[in-house]
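Each of the next two complexes has chain A plus one other chain: chain B in the first, chain C in the second.
Take a look at the complex of A and B:
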């Protein structure tokens, strides 16, 4: 019995829900049943994320860290995109995917010297 | 968690930086950098400013054109006791309405870098701003951090903090972007039209009292009012106490003093000089606090020792005593007529 229980997946996920409309994404960060559809009613909303930069070139993220800690302690699992975001916030360690993306971006957009080298 | 460790380390490093700055700055700078907040919240100073405000209930409860619906006044029959109670309540309300916006030092810039992760340089082209929206923290101590595209994680500066606080914890009447009326060009126009109370009230809503912009706008309004001797429009509002404080702080109380003497308010003039003595402990008059007695004597002593416009102040006193003399003369004549 105990063996089975330990093999079960965590029942809750902290994840994004895509709101907004066509071509204008906006995300709520919610705690919900891991198998539920994103548009079902969540257990609790713990934040929001606006992925389009504003006039000051900022992407705004709001997070209720108290509640996120609480749900973490209750065994909730983060979705990968959220894990990346929390890594950037300094709440979790930096996600490997952030590092990888940064590396790829640097390769694709090398500075002037790098370009010259490639041409030669 | 990473955040917290970094913050702890920086907190420990911070005092040494402050110490260094204090030691490097010269004596003159230190004089200028006195914290007005220490004096402002002192009970005695508060009492003096309250007295100078000269509470006028008609003006405190004036109808303000703020777009609200006006209600028809209600008339009631009351016993004397009820009336007294009601008056007491209204006095309390007036006190609350006249609560003065704090006069404090400009807050220090936030330049705390929490982490510098060079290996994620270029992960994004825009900044990320993270706001902690947990319950129970105030606008002042809320954690707001920024991740720059070059991998630096730092605390948000005041401008960013203001914006985030207004976005997630809105205050009624405050705008995310400060309105253009506080830009120098438009502010000058407002001042020329003498919209002092309007400008100051709006600034109180928009900015925190230790914001650089608030201090700039407030000082501009007070300077303009002082230069044009326009004290009447500010009197009996919550901005008059800080005006007197500002003038005493900047050693420019002469115009206000003359205005008070011309209005036959010697008691207030003496209060103003008392305020000056408290705020300028190094001035000559401050040392002679208890030696001088009599209202006119104190003002004369001030004019002699510390005033920058000695002749004007002395002229005002002269005019005042002449007026008093004439008044007494008239009174005597009236009495004589009555007796006869």
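Take a look at the complex of A and C:
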């Protein structure tokens, strides 16, 4: 039906909201009106992301792929950081910026000291 | 950092120089910063004509990056199309199917509604007959009571009329007015009385005391005579 077409819906973004506090970032992954301030009420939360590695040196990400698919089909766009994250998650193709960073990390890696590289 | 007109400056200019001064001339444009320096401070003289150098990627890297980005965009588009198609397939239904479903729902709802209406109508009928019965009973009771009250009232009035008629025989009329006057003059009534310490009541105000006293004495004598004889 015609009203389901994405261009008639308000343009929505799937993006991070920075929660947490000073020096302790924590992100919710939310669907929002593209023009809304990040701390306004989101349309829906579809995941969370903790960018600080935990004791096991892991950065934890939770994603609700069903809902992400749904919103994607309804015309929501991803923000660039989220595109990178989804590339690493295997949902989207790998983002070129990730590749670039990997090159640079490889070039700048000190000898035999780069073992502690973050895994995603 | 971007160029814009300082609103405070603009207002000042307008208030001091009036509306003839056009603040939108290029001379009043200044860049605004939001940290460290006051936002109205102009660009430092030494930095005024500085053009920051644009960073350049090595050519091979730039080419590779461009290729990556092109590929990335294409792949993303493909993924998006796929997901959209999947979603559309999962959602899509033809309008005729939807319409028929709506019609079915509607007819079923109407049927159900009619059923409910019948039930409610039966209940209402029962209730209304009952209410009518109660109302009729109440009206009957009311009428009976009203009749009784009416009869009582008539009886009361009859009694009053009878009493009045009896009384009317002693009324003073123009016919017997003279007689009544004469009678009244002949029999003056004095309701005043005196009472002594023994409880003897003496009626009247004017000098009949002795008569009364005499009468009492006689009575006493009679009593004594009666006592002595018995």
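As a convention for this text, the second predicted complex is superposed on the first by the 99 of 120 C-alpha atoms of A that agree within 3 Å, B and C clash if a C-alpha of one lies under 4 Å from a C-alpha of the other, contacts with A are read in each partner's own complex, and residues count from 1 in each chain.
The rule we apply is simple: a contact is a pair of C-beta atoms (placed from the backbone, for glycine too) under 8 Å apart; a residue touches a chain by one contact, two chains touch by 3 or more.
What you see is a predicted model, and the numbers here were worked out from it, not measured in a lab.
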item	value
Combined model on chain A where chain B meets chain C, clash or fit	fit
First (chain B), second (chain C), both or neither touched by A:47	first
In the superposition, chain B vs chain C on chain A residues touched	B
Touched partner set for A:72, first chain B, second chain C, both or neither	second
Partner chain in contact with A:63 - chain B first, chain C second, else both or neither	first
Contacts of A:89 with chain B and chain C, given as first, second, both or neither	first
Three-chain overlay, closest Cα atoms of chain B and chain C, distance in Å	8
Chain C-contacting residues of chain A that also contact chain B	93-94, 99, 103
Residue numbers on chain A that touch chain C, as the complex places them	1, 4, 6, 69-70, 72-74, 83, 92-96, 99-100, 103
Parts of chain A lying in touch with chain B, wherever the complex brings them together	47, 53, 56-67, 85, 88-91, 93-94, 98-99, 101-103, 105-106, 109
Residue ranges of chain B in contact with chain A within the complex	1-3, 6, 114-115, 117, 119-135, 143, 145-147, 151, 153, 160, 163-164, 167-168
In the complex with chain A, residue positions of chain C that touch it	61, 65, 68-69, 71-72, 75-76, 79-80, 83-84, 86-88, 91-92, 95
